[in-house]
Amino acid sequence: MCRWLAYSGAPVLLDELLYKPTHSLIDQSRHARLGVETTNGDGFGVGWYTGSEVPGIFHGIGPAWGDRNLQNLSAHISSPLFFAHIRASTGTAVQETNCHPFRYGRWLWMHNGSIAQFHRVKRDLMLAVDPDLFPAIEGSTDSELMFFLALTFGLREDPPAAVARMAGLVEATAQRYGIDDALQMTVATTDGVRVWSFRYSTERRSRSLFYSQDVRALRDLYPDNPLVRLASDEARLIVSEPLGDLQDAWIEVPESTYGIIQEGDDVMRRFEPIPPT
Amino acid sequence: MCRWLAYSGAPVLLDELLYKPTHSLIDQSRHARLGVETTNGDGFGVGWYTGSEVPGIFHGIGPAWGDRNLQNLSAHISSPLFFAHIRASTGTAVQETNCHPFRYGRWLWMHNGSIAQFHRVKRDLMLAVDPDLFPAIEGSTDSELMFFLALTFGLREDPPAAVARMAGLVEATAQRYGIDDALQMTVATTDGVRVWSFRYSTERRSRSLFYSQDVRALRDLYPDNPLVRLASDEARLIVSEPLGDLQDAWIEVPESTYGIIQEGDDVMRRFEPIPPT
Amino acid sequence: MCRWLAYSGAPVLLDELLYKPTHSLIDQSRHARLGVETTNGDGFGVGWYTGSEVPGIFHGIGPAWGDRNLQNLSAHISSPLFFAHIRASTGTAVQETNCHPFRYGRWLWMHNGSIAQFHRVKRDLMLAVDPDLFPAIEGSTDSELMFFLALTFGLREDPPAAVARMAGLVEATAQRYGIDDALQMTVATTDGVRVWSFRYSTERRSRSLFYSQDVRALRDLYPDNPLVRLASDEARLIVSEPLGDLQDAWIEVPESTYGIIQEGDDVMRRFEPIPPT
Amino acid sequence: MCRWLAYSGAPVLLDELLYKPTHSLIDQSRHARLGVETTNGDGFGVGWYTGSEVPGIFHGIGPAWGDRNLQNLSAHISSPLFFAHIRASTGTAVQETNCHPFRYGRWLWMHNGSIAQFHRVKRDLMLAVDPDLFPAIEGSTDSELMFFLALTFGLREDPPAAVARMAGLVEATAQRYGIDDALQMTVATTDGVRVWSFRYSTERRSRSLFYSQDVRALRDLYPDNPLVRLASDEARLIVSEPLGDLQDAWIEVPESTYGIIQEGDDVMRRFEPIPPT
């Protein structure tokens, strides 16, 4: 199990969201509440957009809670769109190339969950990756492979369809090997402009996922809360588990759903895997 | 808070005691039960004696639970006397020079606890270290400084007296600064032949410490238990919290007590700090 | 031996100076030319100023040449004033708390050189550190101790005098122990506005140090050079050894000299240690 | 470029061979002489056999020259057969799963060299790996993939034939992509009893490889040399470049040759890739 956070809104210093809230993501690296595993100490990562084309990324292999570089960088990097992830390995090695968010060109990807019995299906899934993309795979996780499958299936053109085809392939492959409950995922991906997030599992009991309530509504409820006061009108957070201490600030993403955070109205739709033809 | 384990007995592979028992020390790195902090993920260390004069040590800065080198080494290093320690930093940096056990010549030292408001008394305590020993201090922890104070006060000649004088100096110094509850410690130290362990705190509410029941007695109670079967007659373990699942296998070290594991009869005596004169 | 670089001028992405020049600082981590040791692979660091009060720092314990985080961060962090350092340890541990630049409040400090027989004089020098500053020492290097001595002697008020008193104390202490050639240093320090650099050694054979020629002069000589074109009029670099391939771009700092980079005219003056009274 | 060392003979402490000789392997991590790259600072590893079935391995991602754990372990681990390797990455990530020696069951494998334009042929080569072995690939290097191809082709039954088929497949694959000079390798592999070493490159200009002269002959020549005195009669070393300072101690392995170190007479034969049928 892992925990992650995606932010979009007016530029903020990363530490405003990673460190300062009660039950912050960094706290969750030591004491998560909603999950199989309370400790997420097997590495971490942040990815952020500034002016340049390609997002910055910073990965560490120690626990996030004690990483001084992360703390320093978070206090000096400001961004209007960033991802943060803390990892609990399900068996693959603790190394930077296995840390989320993964990056390809302008795109970032992060994941909480797993492909069941990954070692049995890994080879078949790797063969499905576009040969031109194949050399860019650097780590050994199911999460990164899911990213490259989604890229293969057109993530850069139509993210919901690409992720649906990826999920469909994983399920079909697992079925061929007689593996139940093939896929468990909450995923976020972005091109630096829009953020797509997905909550899905084959058994329809997916890991938790929440998005933040409209800031204007929160201002009425909590005029004095520092986080709320800080936030811009269009600020949006998507998180594995709620930060802060505001009861009404978080809305659970329904089972088998994806959402898009974008200029104009956000969108939330039903997610359904597309089996390979 | 940290957790530690000291073993003396017939030579065993380290992993027999570090990995194989239920609720092993490695498990405790993620989920300790008896302590302020359940996660001990800020580095680890083992120290062991083989034929050579100076004990071997291996330190790592990541969590013990995921360290493949520790796992590999533990499966290939066999020793009749070894220390193992998992660290939860109380603020000082996560780096190898802050990992226990600390070594000086033939001696090893490891500690669970802390000196209250260490930053305020650190300078005074450092000045009390023998100038000839001073350059050998490599890290920044209270634990290592306690070791060097004990060495200054004659650890190599009379360990209980040296540790008592160290504790007395820490308490006297804290008192001068108006600091309450100066010292909290469970300590183990060894010269490769005998093992001394100490349970003490200024407020007389010391961290937990246990030693293993006589193996012969355990054999009657649990003839089929693999750990008990494996153990030699003279095998002794001292641990921050019990391993395994045997109710009668562990005896709590009383408050303000030290023990000696040695050839012939083991010893347990009252521990009392010796104030500086 | 280490290598370092200090930049002041219009904001630039760090990688413009750390990676892109021929014989860049990152190249020097593997193949330095002017020094006792050609490999500087024992950690690295950057410190940079943005809007916030305290500069950002990023330290790594591996070689700079292979560090992907450094490469990523350098391509996304832009600053008008930054320090970069690559380390070749002279014996002390390779750990983040021993990486330059060191930071205290608004101040940064980095060093190339050493205190002769540091282990013999370390204790005396540590005693000379202001007790209020003492707890902020985190590592074990001579370089960091020199910083805290300079802070003790008024670095924040009068840097040249404070560094002169630090050097004087080191030399006086060494003399007391019968140690020759006490100090070897090229040092840079900054408060985020001005940059002071020092070249000095007791034996008057100091490590190399260079500052960049006036950019306007260089433009006449090398109108097509990308580094020169990029540079703002007031851009200044101070480096352990020249970057790039322009013969006329660098001026050697004379022996026993310090310089100040500041708004208005830069300054270069004779440096002489001030012995303790 | 990397450097490696394989030892077989009477049990010795690892540090006798890794640290004590002049121009030792650890020295070569900073200053190799015979190679494209003089610095081998991108991780290291040792693998050794003791009583247990599976060899021990220890991998580190920093430079070998500064690693205190390696130094400590080398002074406490004694073995009759061990491999040691220092790495200079040719582009793949610096992480433990990319460190040599690689292990599979009882087998160890280490490599100096590279597959030309590896990113272009990697996918095809991975598809050739036995699907049952595929999940055990953990890193991203050409070296590890060569190991798994050799395992696929029967390394455990007939090492020279398996390595020849691996080399043949690499060359045939490269040819299909129009890549010249496909393979450059010096490889050592062992099952804990015998050691096979290979020197080969498609262009027939292979990286250097040497084996040690018969110890009895050396004793006549250098009766006082400590390394020679220490060595047992059957001691054999295979190294990327000579250790120590004895002119007559080393014999170059000829181009396109493999050797076997074993009980009874050692063997040296011509090596020729076997193209896929």
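Chains here go by letter, A, B, C and D, matching the order in which they are written, and residues are numbered from 1 within each.
We take it that contacts are C-beta pairs under 8 Å (C-beta built on N, C-alpha and C of every residue); 3 or more make two chains touch, one makes a residue touch a chain.
From a predicted model like this one, the values you see are computed outputs, not experimental measurements.
Asks: Mind checking chain C against chain D and telling me if their interface is mostly the same residue numbers on each side, over half, or mostly different?
Replies: Counting shared over all numbers used gives more than one half: same.
Asks: Whole-Å distance, chain A centre to chain B centre, using C-alpha means?
Replies: Taking the average C-alpha coordinate of chain A and of chain B, the gap between them is 40 Å.
Asks: So which stretches of chain D touch two or more other chains?
Replies: In chain D, 68, 93, 96 touch at least two other chains.
Asks: Is the chain-to-chain touch network here best called a line, a ring, a star, complete, or other?
Replies: Looks like everything touches everything, fully connected.
Asks: Under the stated contact criterion, what part of chain A meets chain C in this complex?
Replies: By the definition above, chain A touches chain C via 48, 50, 52, 54, 56-60, 68-69, 72-73, 75-77, 96.
Asks: Within their complex, state which residues of chain B touch chain C.
Replies: Within the complex, chain B contacts chain C at residues 92-93, 95-97, 119-120, 122-123, 126-127, 131, 134-135, 137-140.
Asks: Hey, which residues of chain A end up touching chain B in the complex?
Replies: Interface residues on chain A, with respect to chain B: 30-31, 38-39, 41-42, 61-63, 65-66, 68, 89, 93-94.
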